[in-house]
Structure formats: C-alpha cells, structure tokens
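One chain, chain A, appears in both complexes that follow, with chain B as partner in the first and chain C in the second.
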Partner chain A sequence: MKYAYYPGCALEGMNIEYNVSLRNLFDRLEIEVEEIPGWICCGTLAAPSTSRLLGLSVPLWNVAKALEARHDQIIAPCSACLYHFKSALHELEEEPSLVSEIEEILGVPLDGKPKIMHPIELLSGEEFETIIKEAVVNDLSGLKVVCYYGCLITRPPKVMQFDVAEYPQSMDRILRWAGIQTLDWACKTECCGANFNLLEPEIVIDLSNRIFAEAKAVGAEAIVVACPMCHGNLDTRESEIEAKFNVQYDLPIFYFSQLMGLAVGIPEAGLGFWKHVVDPGKVLSAKWEVEDSTPVTLKELSRER
Partner chain B sequence: MNAARILAARKGIKPKVEEVAIFYDTFIENMMMFGRINDLSLVAAMKLKTDDLFNDLPLGLKLFERGKLQPFKFPSGASEFRRIYERVQEKERGRRSRE
Partner chain C sequence: MKDRQSDSVSLDRSSFLNLVTGMAGEDIQKCYQCIKCAAGCPIAEAMDYLPNQIIRMIQLGLKEDVLTSSTIWLCASCETCAVRCPMQLDLARVMDSLREIAIKEDVSVPEKNIAIFHREFLSSVRNRGRVHEFSQLVGYKMKAKELFSDIGLGMRLLAKGRLALKPSRVDRVDQVQALFEVTEVRSD
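Right, the complex of A and B next:
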C-alpha cells in the first residue's frame, strides 16, 4: 500500500525537522509514501477568509492531483492542512452541487473521495502495535512526556472524525508502543495561540503559558506535538514565557516522529533536533548517551533520509 | 466565521486586530508568487507592512541560524494558484452581478 503524502509548506520550511524525522520513521516502519506531484499551499486560513470558493478550490486541487496519481489515501502531517482538506471534502458532501462548480474552477475532475489522515491516525491503527514494538531498539522508558494534540487534529469532530475530540489518546498510544511514558494532563487540546505568533505574540505567550505550567505540574520532562504551528509557538516563545511569568520550565518540544524515530534507532542527524530553539540536549543526554549532534546543513539533513 | 470575515472585508469593516487582515492579504500575495509559502518573504512582508521590523529580530536570527528561514525558494505551483484564483474571481464577479 502506497499513500499519497502532502507535506504542506511548513514542513518544507520552518518545520523541516518534522518532515525529515517523519519520512525516516516511515522508511523504518516500511510505510511507503509518495509526495503529491505539483502540490500547492492548502491556503490555510487565508484562502477561506478571502473567498469560500477559493478556500475550497485550493485544498481540492491537491486532492484532485492525488486522485490523478491513483491514490485513495492521503497523509497530511500538518494539522492545519489536514483540517482544510477534510473540511473541503466535508463541505462537498454536505452540498454536492458545489462539485461541478469546483471542477470548473480546477479544470480537472474530482473523481472520488480519498481518506485524509494525520500520520498519527495511520500509526495508531491496531496493525501497527506489533510493528512499532518490534522496531524499538533504544529504551526511552525513562523519559516522561505529555502529548499535546492542539486544536485541529480532532476538532471539529463532525469534520475530523478521529479519536475523542476533547481527550484524545492516539498519540499517547503510539508513543507508549515505542516505550515512552506519557502522562495524563488537562491541556491536550488547549489552544496555543495558532497563527497569532506573528500577529500578536502576547496572545501566544499567555495561552501557551498555561500549557507549559500544566505540563510541568504533572511532572513532564518534554512536550510532544503533532502540529508544526503548535511546535513553532511553544518552541519559539518558551523563553519569553519564562521571562514574563518569572518561571523556569526547561521543557523541550518534540515532534512525535522525532522521539519515535529515536526509539526505533534513526540516527540523531536524521531527526533534526538541532533545529529546535529550546535545546533538547539536556533532557535527551540525561536519559542515555547521545551521539555527536554536530549541526548538519539542510541538504545533509534531507540526505539522511 | 469565514462568511462573516468575507462579508466584513467586502464592506470595508476592519478587524479589531488590523494585522489579521494584512496577514491574509500578504499570505495570498505569497501564494501568488511562490505557490507554496516562503516563510522568510512572508514574515519580511508582514513586518514591513505593519512597521514592526525589530520586535522579533533576535528570534528571527536564531531561526535563520538554524536554517528555518530559507532566503529563497524556487516557485512551485505559483501559476496553478494564480489560475485558480483568477477563475474564482471570475465566478464570484458573475455571481455578484446576478445578485
């Protein structure tokens, strides 16, 4: 089974380490993916805020390209892209008269309704329990983390149709299969401030502070995320949050794919830890001997795959 | 929510945080140029338009050092996006003239 893969713009730029670690993890677990040929930005919040038709057409262009390449399952690791794909397909289902209008705009047919999945949805399937457990070569059981799902992976539930909307478990499950301790906490789906990082950072600073405080209170040593925007907000603003609230959190932010990648033995250079603003070295080296993490260039990082 | 935003923009009503509307416009312009978003040019354009060049400079330098802000990106799919955008505009002009 080969899945269509839509990395999205964030995973080509600011969040390249998510892309590289995830593709390495897929390789290690023998999950075959193929990037959608000629994909374009999903339009995120900007396109649907400009025009309803534009907000539908842009993600559906990518869906049409995946269908054209004979894929019926698309993996979208960015939760914003994931939401816009699922939301566009949901709207077409609710209002079938839109299909011909969108096809006219795109100039290509929309033959079929592919399943759109976050990688966590794929990996948390029962069939992956044994595969993941058998792939583990590094013992990470000493590391205690909280899983932060953010707003969009499970909500709105009518559109996303995945996991329990307010208290999801799927990321916890796959990390536990990889031997990592995940803790219960109250902020799994709290908002981190989303795209206000660029517009009004104070909103991000205040909202994310609650997430850090709760993670620290339950004894977490790191926060694990599955969304590039959540990673960006928490990782880039942690020091300002600590300064504003006069606290010391010292919590690195990992993608689930980085920690799982470490557990299944992917070399550090193929996981991109050095790209983080908050240095994860202290937490990682306290748990086991880390390799030389000399920074590598972007090209070298991509070649590690 | 999106419908309210679109109607407000058409009527010239500005959002409480004006940067929000500027961000959406800048984002669409970036899609027109590259097809896929280029973070560095998006952030630079936003900072210029909102006259906020220095607030996040130390953070920007850290991100640049880590290769997170790439100076240039080869346009990929820009012409596709422009074509979709123009067809949407045509359709919407047609709809509005019928209303």
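Right, the complex of A and C next:
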C-alpha cells in the first residue's frame, strides 16, 4: 500500500527537519509514500478569509491531483494543511451542490472520497504496535516528555473525526510503543497562538508560556509536537518567554518523528536536531547507539525535488 | 401595526444574518448565549467583542460593528469553541465569512497587519504555487512597516538555514494563476 504524501510549504522550508525525520521514520517502518505531483499550498487561513470558493478550491486542487495519481489515502503532517483538506471535503459533503462548481473551477472531476490522515493517525493504528516495538534499537526510557497535540489534529470533531477532541491519546500511545515515557498534563490541546507568531507575538508569548509552565510543572524534560506551527511558536519564542516571565524552562521541542526516529536507530543526521533554536543537546547528551545506515539528509531531500 | 422604520430595521437585520448564515453554512440563529465559546477562547482577552457577542450582533443585524471589530481578525481558528458549543456551531467558519465580507466591502480593518499578511501570503501562492517564507516575510514586514522587528530571530533562523533563500515553484504556475482568476470572478 502506497500513501500519497502532502508535505506542505512549511515542511519544505522552515520545518524541513520534520519532513526529513518523518520520511526517514516511514522508510524504517517500511511505509511507502509518494509526494503528490505538483502540489500547491493549502491556502491556510488566508484563502478562506478571502473567499469561500478560493478556500475550497486551493486545498481540493491537491486532493484532485492525488486522485488523478490513483491515491485514496493522503498523509498530511502539518495540522493546518490537514484541517483545510478535511474541512473542504466536509463542506462539500454538507453542501453537495458545491461539488459541480468546484469541479468546474478545477477543471477535473473529484471522483472518490479520499481519506486524509495525520501521520499520527496512521501510526497509532493497532497494526503498528508490533512493528514499532520491534523496530526500537535505542533505549529512550530515561526521557520524560509531554505530548502537545495543538488545536487542529482533533478539532473540530465533526470535521476531523479522530481521537478525543480535548484529551487525545494517540501520540502518547505511539511514543510509548517506541519506549518513550509520556506524562499526563493539562495542556495537550491548548492553543499556542497558531499563525500569530509574526503578527501578534505577545499573544503567542502569553499562550505558549502557559504550555511551558504546565510542562515544567509535571516534570517534563521536553515537549513533543506534531505540527510545524506549534513547533515554530514554542521553539522560536522560548527565550523571549523566559525573559518576559523571568523563568528558566530549558525545554527542547521535538517532533514525534524525531524522537521515534532516534528510538528506531536513525542517525542524527537524518533527524535534523541542529535546526532547532532551543538546543536539545542537554537532553540528548547521552550517547545513543546508532545503526550504520544511509538516511536521507536535509540537503538530499531538498535536492530531490 | 409596525411602523415603516422598524420594518426596514428588521429587513436589514435578517439580510446580514442570512448572508452570513448562507456563506458560513452555520445556523447562527441557534445560539442562545451560553457563553462557553468566550469562556474557552484563548484569545478572548485581546478581542474587542467576545465571540458570543459577535454572534449576538449578527443576530441583531449590527453589520458595521461586526465587520469593523478586531475580533474577526484575532480569531486564531483554534476551534476550541466548535468543540464546546452545545449547538455545534463552528464559529471559526463564521469568522472566515465575516473576514471575506469585510474585505469585499472594503471596510476599515482595525487589524491591518493581519489583513496585509493574508494578502502577501496569497500573492506568494498565486505567483509560485507555494509559499516562499523568506520573500513573504520580507514582503509582509515592509508593507506593515515593521522591517526591524524580530530581526534577531530572523538572523538566527537564517544562520540555521531554516529560511530557504531560493524559492520553490511548481511547474504549472499558469494553472494556479488561472485557479485564482476563476475563483475571483465567481466570488464577485
């Protein structure tokens, strides 16, 4: 089974380490993916804020491309892209009269009902429990983390239809399968400020501070995320948050794919830790044994396109 | 018997309510002001009107106050309200529609930078098919006249190679531009 893969703009730019670590993890777990040919931006919040039709047509253009390439399962690792795809399909379902108009705009039929998934949805399927457990070669059980799901992986439930909207467990489950300790905490799905990092940094700083404070209070050594926006907000603003609130958090922010990748023995070059603003070195100071393999490096992945 | 003035007020009231209801596909009349949306909204503190107040204002036909509010731009679309609303209203979708109407009617937007950001973002998509973060960032900072804020952070990201200088572009940009043009014509 081959899945269509929609990286999205952030994963080929600012957040390329998410892309690389995830692709390496997929390789290691023998999950085959194929990038949607000629994919374009999902339009994010800007498109539906400008016109409803644009907000539907831009994400559905990519869905049409995936269908054209005979895929019916699409993996979208960015929560915002994921939401915009699922939301557009949901709107067509609610208002079937829109389908023909969108098809006219796209110039192709939207035949079929593809399933759009976050990689966590795929990996938390029962069949992966044994696969992940058997792939583990590095013992990370000494590391205590909290899973930060953010807003859009589960919300709104009528659109996303995945896990429990305000108390999800799926990321905790897959990290535990990889031998990583995840702690319970109250900020799993609190908003970090979403796309306001540049626009309203004070909002991001205040909201993210609550997330850091709670993570620290429960004894976490790192925060694990599954969305490039969450990573961007927490990782780039941590030092300003510490300065504003006169606290010292020292919490590195990892993607789930980076820690799971480390557990299954992907060398650090294929995980991109050094791209982070908050140095994860202190937490990862122990030397992990790594298998001899040739991962896709950041440069190779950029060239691939 | 109603007088003429109150008739025209009620007509206006329902026309705005119907417009937003139709565009958002959300039955705004269902809201009975339980205020759970505002209680759970992470941005409420920064807003001029609370989310439930915006909904009530739409019901009352207070079009101008709604369209010139900062709330409709500060909503982060986190969808917390949509989870908690007992009537299953998706307020984030309502906010999308309100921003669309505000842009179309060219009202004075209190959160100009957010509107500029959206515009710069879409022009990047239109010209390349994808967003090139570096040029979009510089474009936004120049138009918002904020070129020097966050410069330290920008330098750190550049040093880490996280701001790709070379833009990525899809092969068939002409198709993307055509998509934008068609939706523009049809949205008018």
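The criterion applied here is as follows: the second predicted complex is superposed on the first by the 286 of 305 C-alpha atoms of A that agree within 3 Å, B and C clash if a C-alpha of one lies under 4 Å from a C-alpha of the other, contacts with A are read in each partner's own complex, and residues count from 1 in each chain.
Definition applied: contacts are C-beta pairs under 8 Å (C-beta built on N, C-alpha and C of every residue); 3 or more make two chains touch, one makes a residue touch a chain.
Here the structure is a predicted model, which is why all the values come from computation and not from measurement.
Enquirer: Taking chain A as the common reference, can chain B and chain C both be placed on it without clashing, or not? Answer clash or fit.
Expert: Partners clash after overlay.
Enquirer: Pick one for A:Leu207: touches chain B only (first), chain C only (second), both, or neither.
Expert: Touch status of A:Leu207: second partner only.
Enquirer: With both complexes superposed on chain A, which partner does A:Ala165 reach: first (chain B), second (chain C), both or neither?
Expert: It touches chain C, and chain B stays clear.
Enquirer: After superposition on the shared chain, which partner residues are touched by A:Val137: those of chain B (first), chain C (second), both, or neither?
Expert: neither
Enquirer: Classify the contacts of A:Ile40 with the two partner chains as first (chain B alone), second (chain C alone), both, or neither.
Expert: Touch status of A:Ile40: both partners.
Enquirer: What is the contact status of A:Pro157 with respect to chain B (first) and chain C (second): first, second, both, or neither?
Expert: In the superposition, A:Pro157 contacts chain C only.
Enquirer: Does the superposition put A:Glu12 against chain B (first), chain C (second), both, or neither?
Expert: The answer is both, since A:Glu12 touches chain B and chain C.
Enquirer: For A:Glu94, is the partner it touches chain B (first), chain C (second), both, or none of the two (neither)?
Expert: In the superposition, A:Glu94 touches chain C alone.
Enquirer: In the overlay, answer first, second, both or neither for which of chain B and chain C A:Lys275 touches.
Expert: A:Lys275 sits against chain B and chain C alike.
Enquirer: Counting residues of chain A touched by each partner, does chain B or chain C come out ahead?
Expert: Touching more residues of chain A than the other partner does is C.
Enquirer: Output the chain A positions appearing in both contact lists, the one against chain B and the one against chain C.
Expert: Chain A residues touching both partners: 9-10, 12-16, 38-41, 43-55, 57-58, 61, 101, 105-106, 195, 198-201, 236, 274-277, 298.
Enquirer: Chain A touches which residues of chain B in the complex?
Expert: These residues of chain B touch chain A: 2-3, 5-6, 9, 17, 19-20, 23-24, 27-28, 31, 35-39, 43, 46, 55-56, 59, 62-63, 66-70, 73, 76-77, 80-81, 83-85, 87-88, 91-92.
Enquirer: Using the touch rule from the top, collect the residues of chain A that touch chain B in their complex.
Expert: Residues of chain A touching chain B: 9-10, 12-16, 38-41, 43-55, 57-58, 61, 101, 104-107, 195, 198-201, 236, 274-277, 295, 297-298.
Enquirer: Which residues, counting only chain C, touch chain A once they are in their complex?
Expert: 23, 25, 42-43, 46, 74, 76-80, 82-83, 88, 90, 92-93, 96-97, 99-100, 103, 113-114, 117-119, 121-122, 124-125, 129-134, 137, 140-141, 150, 153, 156-157, 160-164, 168, 170-172, 176, 179-180, 182-184, 186-187
Enquirer: Using the touch rule from the top, collect the residues of chain A that touch chain C in their complex.
Expert: Answer in residue numbers: 9-10, 12-16, 38-41, 43-55, 57-58, 61, 83, 91, 94-95, 101, 105-106, 151-152, 155-159, 165-166, 189-191, 193-196, 198-201, 203, 207, 236, 274-277, 298, 302, 305.
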